[in-house]
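After this come two complexes, each holding subunit A, first together with subunit B and then together with subunit C.
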Partner chain A sequence: MAGDDFLRWLRREGRIVIVGASLAGLRAAETLRAEGFAGSLTLIGDEPYEPYDRPPLSKAVLLGKASPHHTELPRRREIDATWRLGVAATGLDTAAKRVRLADGDEVAYDRLLIATGVRARPWPRESEARLDGVFVLRTRDDAVRFRRRLDSSPGRVFVIGAGFTGSEIASACRERGIAVTVAERADAPLVGALGGVIGAVAGELQREHGVDLRTGVMVTALEGDAAGRVRAAHLSDGTSVETDVVVVSLGATRNTEWLAGSGLGAGPRGIACDAGCRAFDFRGIVTDDIFVAGDVARSPHPLFGYQFLSLEHWGNAVTQAETAAHNMISASSERRPHIWVPAFWSAQFGVNIKSVGVPGMGEQIMITQGSRAERRFVAAYGYQGRVIAAVSFDNARWLEFYQRLIETAAPFPPDFATVDRRAEGRAPMPADFPDPSLPTHGPTVTLSGYSPADRRLVFTPSRH
Partner chain B sequence: MTHASLLQRITDYAHRADPYPLYEELRKTPVLHEEEGGPYLVSSYWDIAGLLHDPRVSSDAANLAAAGADVLGGPDETGLPPSFIRLDPPEHDRLRRIANRPFGPPHSPRLLDSLRDDLAEIVSGLIDGFGDAREVDLVDQFAYPFPVTVICRLLGVPREDEPRFRAWVDPIVANLDPDTEAGEAERRRAAQEARTHLGMYLAGLAEQRQREPRDDMLSALVTSQGPDGPMSVMEVLSTAVLLLIAGHETTVNLITNGMLTLLRHPEVLRRLREDPDLVVRIVEELLRYEPPVQFVPQRTCIADIEVRGVTIPKGSRIWLVLAAGNRDPERFKDPDRFDPDREDIQHLGFGSGIHSCFGAPLARMETQIALTALARRLDNPRLLEDPPPYRRNAVLRGPRHLRVGFDGLRPERA
Partner chain C sequence: MRLVVDLNRCQGYAQCVFFAPDVFALHGEEALVYDPHPDEVQRERLARAVAACPVQAITAEGLDGTGETGETAAGTGEAVLHGR
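== the complex of A and B ==
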């Protein structure tokens, strides 16, 4: 079949399979239908639930303001799909174009979208991770279990890791009047994502809200009692903290294991794809019929030196899914690149934190508006003399402006006056990111080099 | 000068009924600077949206005066400090946060919803008041009294005092009109005098509320105990002046422009009668198509800003012509068509950025309730005069009267 004929056939009666039934999978399915795909559509998801929204799980749900059972994503349109929920994909045969499922079934596709996302990185010592009272928070089931425990008024919650999720959990607990200890191996919360200057503000915010924040420490062991319930956490500084709940918040692991042996360029850092969302195979050759979107994807970005970006961002999942879906059923001349500017938000301790760009690339930072002491400010990050990112605390309405600075590679430090410039904003200072070769749990944007199918990463020794 | 500048023609009352051809001409020069010392007019959607979020653009009245704003105010001699609409952060943010505590989320998330039934009742009372008439002036008999009643109730201003404060509000609003005709000095003086009187009037009410707080915003402002602390008495007064005026002046126009537009598009009016939910889209499209605030003439650049290759020098005044941006074909397909079915109506009608309309949720709700009720209850409504006579103001643009004929009133519950 000539290309045009194939596309016509595909759009009319082809089979599209989407592995991953969360935000990216759903939005891709809706886009396919919106753009006229009339063939068969199958969504495969390892959780038994229809697509739901995750951001509330570490915020409103923990506060009791929303039910974990009712965070379903709003549907934009009918998608007329076959749902295979509660059954994980376990393998991919790219030659036969079939996805293998955990129940032994196989699903054939003409075009495949991989949107399997990430999962919470568990506590590495399995026996300790199994103790009653030790939680992770990523899925709806996690949220149900954790919230039930919070509702039973624990004496203390111990949070391992002060990235965004860990900090939001600590915030929710404090709002409910529960004692919280947070242990973070870096010198401040959010350091991996936003650097030390902003991390210091986040740390003050936590302490002001009564969090027992321990920085520069690692958790060396979790101790259980005779009944198998967690009772204490031991820290690398020799101290220990009695607690009846531990939340492990050490970031995420990409769900790519099921692709082992498939020949795709998939590894612990995600699945490499081109800007059009087509997956690379491990030789670095782009595939024709396999697309990637959402947290599991890593794709090159022209604004950031064409480095491959992995983004654990809600908005990225949506736009990348839309782009992937469009490209799946479009001729090459009609395809679009995914060049979304990373944007991220978090709500914690009464503050709305929002960032655009890739703060982690920043060498320097300048407080361009407002004041850190007031917890209301905008800061711009600079990289090699240009603006690469910005973050706001309770000042999100200015960020569109900074996004344009990033998009136009505007010079850093900004050489113009702004409203609300304070003394602290007269000159840039080092952004104070930790050595990137040291592992952190926190960044939600990861730059992962240039090689599309960087197999070396597979051999990165585990840090535990 | 042999012919009038575009700016003069836009502010010229002769073009009030239909300024849109002028805006189209304006968009041909997206950054227009016609006269040394005059403002830079920005008229295309993306440029306006960008400048509304640009921290190099100041709303501070002091900067505006320094920029030689001969048209709009200059130093205020009333003794009242500028309200937050004429301030930059951090003062703007602090005052707006305090004002928002009794008005919207997160502290008062249910206020507006709790007003819904009251608003519907006011509307149905006004329509019942048409009685046996077969012709009304929709402005005087409906679009004006409705939001005035609402803002009085919300703020805690006695409704029966309307004739008193009306006499002060009018000159203040007139002074917001950047009419390039002469008489500015006189107009400014009248506005300042009116603002002083209005402030003194509100000071009396504020004092009462301090002694005996009630369930209204004025009481909340004088007793505010949030993390930002209380407003000073003078800040309360200038905030109350702002809320009282902005709380109804623009809504009158939105409702009137709304009914005028619906009567010019009877098919949409018919659909609204049958499908009240359509009103949400209708009001959004109205805010795009006939925005009640046509342009924002109060901003100053505090740094050089390049827009489409034109450098607007530091210290210049800029006018953001929202109504022109709302019909920018670069942004909206078929922009001169009134089409509530548009997929994407991300209009500039309420501005954007930190100064985006404070009362937007209230204005939306008022207009939705008003238009739905008018569509449902007026039998065979029609325009008796098209175009209607307009108010003088080029910024807060809307009909002065809107004569509507109809065959009778349908009962409240059909």
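== the complex of A and C ==
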């Protein structure tokens, strides 16, 4: 079939399979139908639930303002799909164009979208991870279990890892009057994502709200009692903390194991794809029938030196899914690049934290508006003399302006006056990101050069 | 009814809090918390909140009862709202 004929046939009666039935999978399905795809559509998801929203699980749900059972995503339109929920994809045969499922079934496709996302990284020692009272928080089931435990008024919650999720959990617990200890390997919370300057502000916020924040320490062991319930956490500084609840917030692992042997360039760092969301095979050749979107994807971004970005961001899942879906059923001249400017938010300790760009690339930082002491400011990050990112604390309305600066590669430090500039914002300072050769538990953005055969990422704890 | 707010887009104007205070609330100065699964009695207030959002950050399903969205849409076949 000539290209045009194939596309017409695909759009009319082709088979599209989406593996991953969460935010990216759902929005891709809606986009396919909205753009006129009339063939068969199958969504495969390992969880038994229809697509639900995850951000509320560490915020509104823990505060009792939303039910963990009811964060299902609103639909933008009818998608007329076959749902295979509660059954994981276990393998992919790219030559036969079939997805293997855990129940033994196989599903054939003409075009495949992989949106399998990530899962919570568990506590590495299995016997300790199995103790009653040890939780992770990623899925709806996790949230149901954890919320139930919080509702039973535990004496203390011990949070391992002060990334965004860990910090949000600590915030919710404090608001409910529960004692909280947070242990973080870096010198402050959020350091992997936002650097040490902003991390210091986040650390002050935690302590002001009564969090027992322990930085520069690692958890060396979780101790259980005779009945198998967790009773204490032991730290690398020799201290220990008695606790009846432990939440492991050590970032996420990409769901790519099911692709082993498929020939795709998939590994612990995600699935490499081009800016059009087409997956690379392990030889570095781009496929034309397999697309990737959401947390599991790793794609080059022209604004950020064509580095391959893995973005575990809600907004990335939506826009990358829309782009992938469009490209799946479009001729190559009609295809679009995924050039979304990264953005995310977090709410913790009553402060709205938002970010645009890639803070992790920042060499320097400047408080361009407001003041850190007032917990209300905008900070711009500079990389090689241009604005590369910005973060706001309770100052969200300005971020769109900074996004334009990032998009236009505006000079850093900014060469114009800004509203509410204070003394602390007169000059840039080092952004204070940790040495990238010592991986931290969970930067929300990981950067790497493209390598067709993925190097293995080894978790190497830093020494303090 | 179901709803989700694109919090990248939200700038904390809090119009939704004004129109549907039982669904939306500000947490601190500008962080928005909301109930993603509000009760049917909130339908009209929620519709006003969706329409009033200056940055159009709220996506809701089951608002107008046309059954246009979602095979499992809650609240289809109900009264059509006016004023949207």
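The working rule: the second predicted complex is superposed on the first by the 451 of 464 C-alpha atoms of A that agree within 3 Å, B and C clash if a C-alpha of one lies under 4 Å from a C-alpha of the other, contacts with A are read in each partner's own complex, and residues count from 1 in each chain.
The definition used in the following text is that contacts are C-beta pairs under 8 Å (C-beta built on N, C-alpha and C of every residue); 3 or more make two chains touch, one makes a residue touch a chain.
Since we're looking at a predicted model, the values are computed, not measured.
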{"item": "Which of subunit B and subunit C A:A66 touches, first, second, both or neither", "value": "second"}
{"item": "Subunit B versus subunit C as contact partner of A:R397, first or second or both or neither", "value": "both"}
{"item": "Which superposed partner A:E50 touches (first subunit B, second subunit C, both, neither)", "value": "second"}
{"item": "Partner chain in contact with A:R376 - subunit B first, subunit C second, else both or neither", "value": "both"}
{"item": "Which of subunit B and subunit C A:A232 touches, first, second, both or neither", "value": "neither"}
{"item": "Partner chain in contact with A:V419 - subunit B first, subunit C second, else both or neither", "value": "first"}
{"item": "Subunit B versus subunit C as contact partner of A:A200, first or second or both or neither", "value": "neither"}
{"item": "First (subunit B), second (subunit C), both or neither touched by A:K354", "value": "second"}
{"item": "Partner contacting more residues of subunit A (subunit B vs subunit C)", "value": "C"}
{"item": "First (subunit B), second (subunit C), both or neither touched by A:T368", "value": "first"}
{"item": "Shared contact residues on subunit A - subunit B and subunit C", "value": "376, 397"}
{"item": "Contact set on subunit A toward subunit B in their complex", "value": "368-371, 374, 376, 378, 397-401, 404, 416-420"}
{"item": "Subunit C residues within the subunit A interface of the complex", "value": "2-4, 6-8, 10-12, 25, 27-37, 59-62, 68-73"}
{"item": "Interface residues, subunit B side, partner subunit A - complex", "value": "49-50, 53-58, 60, 88-90, 93, 302-304, 314, 353-354, 356"}
{"item": "Of subunit A, residues touching subunit C in the complex", "value": "50, 53, 55-56, 59-60, 63, 65-67, 70-80, 314-315, 318, 343-345, 347, 349-352, 354, 376, 394, 396-397"}
